[in-house]
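Below: a set of structures, written as structure tokens.
What follows is a pair of complexes built around chain A, which joins chain B in one and chain C in the other.
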Partner chain A sequence: MTAGAGTVSRPVPVRPGRWPAAGRLLRLELLNNAMLWLLPVAVALFWFTTYRKAMAMPPLWNMRARALQSGALLAFASPVAGAAAWMGSREGRRHTTDQVTVTARPRWVRQLATWAATTCWAMVGYLGCVAVLYGMTARQATWGGPLWWPAAVAAASLPALSALGFAAGAAVPGRFTAPLATIAAFFVLGLSTQLIQGSQSYWQVSPLVAAPWDIGPDAGVATFYHYLPDLPIAQVMFLAGLTVAVLGALALPGGPGGTWLRRPAAAITAAGLLAAGTAVALAGTGKLDAHGMIAIPALHNAASDRPVRYTPVCSHTRIPVCLNPAYAGYLPATVGALAPVLTEVAGLPGAPVRISQAAATYRQGPGNSVGVGLAGPSTVGRPPVFRLLLLDQLPGPAMTTSALAAALRSNAGPAIVAGVTGGGRGASPAQQAVTAALIMAARGPATGSPAGITPPGNGFGMPPPGPAPGSPAYAAARRFAALPASTRHTWLVRHLAALRAGRITLAQLP
Partner chain B sequence: MTARGVPGATAAATGAGGPPPVGQLPAGLRLVRLHAASRRAPAAAMAIASCAIGLRIALAWSWDTYGALQLPLVFEAGCAAAIAITTASPLGEPERVAGRRLPFLRLATTVALTVAAAVALAAAGTGAHLAGGTLDVLRNVAGMTGLGLLCAAVLGGGLAWVGPVGYLVAGAYGLYTQWHGPALTTPWLWPARPPHDPGAAICAGVVFAIGLAVITVRGARDPAGE
Partner chain C sequence: MNVEITGLSRSFGRTMAVAQVDLRAGPGVFGLLGPNGAGKTSLLRMMATAIPPTSGRLRLLGRDPGSYGPRREIRRRLGYLPQNPGYYPGFTVAEFVEYFALLKEIPAARIPAAVAAAVERTGLGGQAKAKLRTLSGGMQRRVGIAQAIVNEPELLLLDEPTAGLDPEQRVVFRALLRDAGQHATVIVSTHLVEDVGAACTEVALMDAGKIVFHGTPGDLAARGQGHGTGDAPIERGYSAVLAAARS
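Let's look at the complex of A and B:
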């Protein structure tokens, strides 16, 4: 293109209502951005790897928010880094560097506009995905609200990935740069977590980490206690610092910007690196707290340790079963599983007046292992309340309702009976026999777990040890279980105190 | 558009030119060499070699189950992306019009690079614990290269990496579901299937064959400005 003779190039006056120059530049970049074409890929990957998985989980905000953070990040990382690298290498690839160097805007400003446009499209796609996932969860969840910190961490990752990809493309403009950036982004994000060892690892600053690493889906977190923002704050700080540092570094190479641009750019880069380094150091001071979250002392707010207030949802049974409202969907199955046992013990002295769901407590084990259990005894207070831990509160794949009910029948049910009869560990033969008899009468297994159900560890309502088949205690249990329910109940009302005290022998059982 | 930086590429690609001077390569070989140069095949070969070296170094580390399974897939995707990128032509329409032997050159370049990638990655895993083994490498490289070739036909050679890289994420997720079910068992997600699974091998082979056929006949799309 040439300017005609006598033509004087003058800046076009900005008319009212028109965008300023930077806005027009951004608009042009938005219209000619590779990320727009890669959005369908990112959204498809999000649907395939994250949305389907999250929707298969119980409608609990904590589970879905954490699935969103790690899943969305992996789904968007490669397309964003690749698109940014592609855009960053555009001038070099098309051999237009010299042409655009003579434009009025410094190279850095043009690069920032391209980066911003790439990031904008990525953010639009990501926010759309968040809206759909959270919207569906809002329709399904029975309690609670969206957790924004996991969404914020993934959102803060996109500008950082875009900046890194863009810088790679600008530094090494070539057709191989973009795929290299995408592969590197996936490799670093996906496999760097291998280096995490325990809750005090610096690598937890990786935006992929939303919970103690390797714990898997864990519905027990952030329901009874607040979602701790400590680690997300450190992660966002790291990502923001990284973004600023990389974008600042773009202006450092010699160019038309001159010294006046390089000095502030160097300061910005240094500030970004400082923020990122501080965030890494903070992440290294993290520690798994009793509620299953990573607490960072310097960022911790003690108010977050207070339990969340809620009104439990309770069954209208003789012994009410009360669950956290987030687990309201489990109430019918829980009540159905425990009803036979509760019928047996209702009205007996020492029987629980309520079955109440409790929070799980977490303890860091060696390496990345985490011990999860019920803090304190199963039965507390006077009148006694039996504290229940649903198996779905424990780390691991979500259980089906029938599996959950089977686990409750085989673990919590016997534990409730044992709490009434004193038939726990160290029980007398008579106590064991009565406990086994009540479990038999409730049509549950006397001991052990059904196939396919792994009994949880101590403190979850482990089934008490039952009498061995063929033993006198077993025979007495069968005899006692065969009695009419009213006869059993009457005998227990009269003799339960003595039985609990260990003063009843097998021979004295009816 | 010009064949910038590729001297003589136009003439070679069109099959023109007289007998070679004494001491030079025969015309056929010269044509192959120039075609490979115009497609950045040497750079792709270097990228493949880098992937193989990277895999070898990575295999020396101790990885947990996830890492050990997903690690080869990352490098296989890298090789596939590098191969797919070589379909981009710097010469455009003139080459298409005049290059009689172009389909054969495209076919030969792609097949040679795919074989090189499979051999290099398999060699990198020799003596180390390469999850899935050589068969897995062969299947995954072929399948993902096929995806890259199809992407090249649709998006252009420059953006052909989108296919292998996108599939890398899906494949890694497929491997993840083997531990955190429900497991994805469709053969179209071949990285998540065992190496001897015939369905997965057929799917990967079909994708590679279609991609190869499309690229051989049509070549990569040449977007304006690239």
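Let's look at the complex of A and C:
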């Protein structure tokens, strides 16, 4: 036809033959893949729904990693499933079925190349998002390193979603399959978490689950104790099994005489289903451990239960305030909030020698409720050390520095004073008065407790009950608070032991 | 013989598309004529191994396509242009032909030269980098032909290959057919009898799933002398054979 066409012959742009056939096929599919066009959508969704939220969180690796797992997955799920379904339905939509069917290369190989290209683009976009999020976190975080398991779970989700979308497209090659797959991916993922009840739920195998459900990204997890990869291992196993099963199933409807392919494909599908089923069963045996993570007995490594060794960052105050280095950024605000109270109690007999940040303890409650707080008393040891729990270690939205300082002033400050004066629950009127006086002197604000959290003990730093305004104890407190600091201090040094023993009455207060 | 068909039948539900067809074809250009619904496309699809026969014996290139291994060997040596070929609009001409070269398992080292040759032979060298969505229907048809011949097939099956080609392109295409027929079996299904007269060395005429004539284009034209309707002798032969078959 050359002569008739009358065109000037010039070299046809085909790459030289140094690439192997599989590589050339993948290259062609990469160049002509719908996922490439949907990458900006996925990245934009990631930026809107995940990156901005993650950046608003404290720069703690655990929080950022868990936000990444759930957020990136939701951002990429719909585009990946939709693009894969579009590519899977390509032969049917474009009426090339007969042309490609009569070629020598098996249909499965053809489909795997298309699926692989879709997955590759999704992975490129996702890994780019991980790199940016983790890169920014690396610049901001004061301690620790990236958690790779949450990133791996989301990464393993992409081939699975791609395989599911592709299979849907190949099975029903209509133009509506891709939009339906897009919507279905979002809702199936979202609904997969709705059936989770407590920590022992098979549904925890859903890749969206990055933590005990309903806790969400929690700063207290994987800082004082190692990150437990038990659930992520089960999730990756499930996703890998699902991917293998779906890809194997693609080869099952072979043409006549394709038994040689169908048998191994059936075996691959069965192996994938077995792996996925095993992972679901393992996830069902998971249990919330004391450190806020899901422990699966069959996958659990006891070495992971040992606390992380770290050198705390401490203030240079008379009573040092020491925090986990991951929370180093919180130290100025913490010291600023507690300094007035610490000044009042410094040098008193029984005053804490150090305020030391402690790990939160988690306890599964009914349904999806989880009790989070300090296990045991807030003041321990001799010389006494006050164990501090920052509110940001508890589930809930991230706090601003000023909100954190206010919470410390209203909760931890009074608790520290009460620990010195014995003014906790069941305190005598004199103890209550002295405690209230020291808090007044330190200008402690009204008491309060964060909503929605149930501290298992008083270790969280709950403020002691103060005297009612207008009561004799309240009047005594105001009188005592009005004394010069040195006078208060001198009196307390002399009488604190008697006050703690309950032998001081209101009338004996100066 | 590259094509040996004995008692081949294919039914779709209650419809018998191809009924007890016997056919043998060696190197050369073989024309398959017939009215719409005669069973040409079904016969071609069976020869292309796209669908299995319901009954009968089919041997292609000396192999039985019923078994996987021989079928794969046949497919490596097969070129097929369906009646309504599909395209991937985002592919360039070269990419699309290369895609089929890869699917036909041409050795990777030979692919660039094979693609270049196929694209040049179909007169698309100037459009090699053009996206398929930008091409006219006739050019897309030529891309379909290019993918069919990229592996220099020993058995080339073309279903209505000249549909959408302009007269100049059809003339050039016939030359390509004659050239391919020098060393391969080319089976062209068409209802344009002038294509058959100009390019084919043998012709078969199908009607209602059966072959009602098998001979040379000259034999077919001779059947029309004094009978049939049409402007050209071969057209008159075509209509005369059909009328005789239906009477």
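Keep in mind that, in the parts below, the second predicted complex is superposed on the first by the 477 of 510 C-alpha atoms of A that agree within 3 Å, B and C clash if a C-alpha of one lies under 4 Å from a C-alpha of the other, contacts with A are read in each partner's own complex, and residues count from 1 in each chain.
The rule is short, and it goes like this: contacts are C-beta pairs under 8 Å (C-beta built on N, C-alpha and C of every residue); 3 or more make two chains touch, one makes a residue touch a chain.
All of these numbers come straight from a predicted model, not from anything done at the bench.
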Which superposed partner A:Trp260 touches (first chain B, second chain C, both, neither): second
Which superposed partner A:Ala75 touches (first chain B, second chain C, both, neither): first
If touched residues of chain A are counted for chain B and for chain C, the larger one: C
Partner chain(s) touched by A:Leu191 [first = chain B, second = chain C, both, neither]: first
Touching partner for A:Val100 - first (chain B), second (chain C), both, neither: second
Which of chain B and chain C A:Leu25 touches, first, second, both or neither: second
Shared chain A contacts, counted only where both chain B and chain C touch the same residue: 94-95
Chain A-facing residues of chain C, complex: 45, 48-50, 52, 66-68, 71-73, 75-76, 78, 80-82, 84-92, 94-95, 98-100, 102-105, 107-112, 115-116, 119-129, 142, 144-145, 147, 168-169, 171-173, 175-176
Of all residues in chain B, those that touch chain A in their complex: 4, 40, 43-44, 47, 63-64, 66-67, 70-71, 74, 77-78, 81-82, 85, 88, 155, 157-159, 161-162, 164-166, 168-170, 172-173, 180-182, 225-226
Touching residues (chain side chain A, partner chain C) in the complex: 1-17, 19-21, 24-25, 28, 31-32, 90-91, 94-105, 110, 255-261
Contacting residues of chain A [partner chain B, same complex]: 34, 37-38, 41, 44-45, 48-49, 56, 74-75, 78-79, 82, 86, 93-95, 174-176, 178-180, 182-183, 186-187, 190-191, 194, 216-217, 397
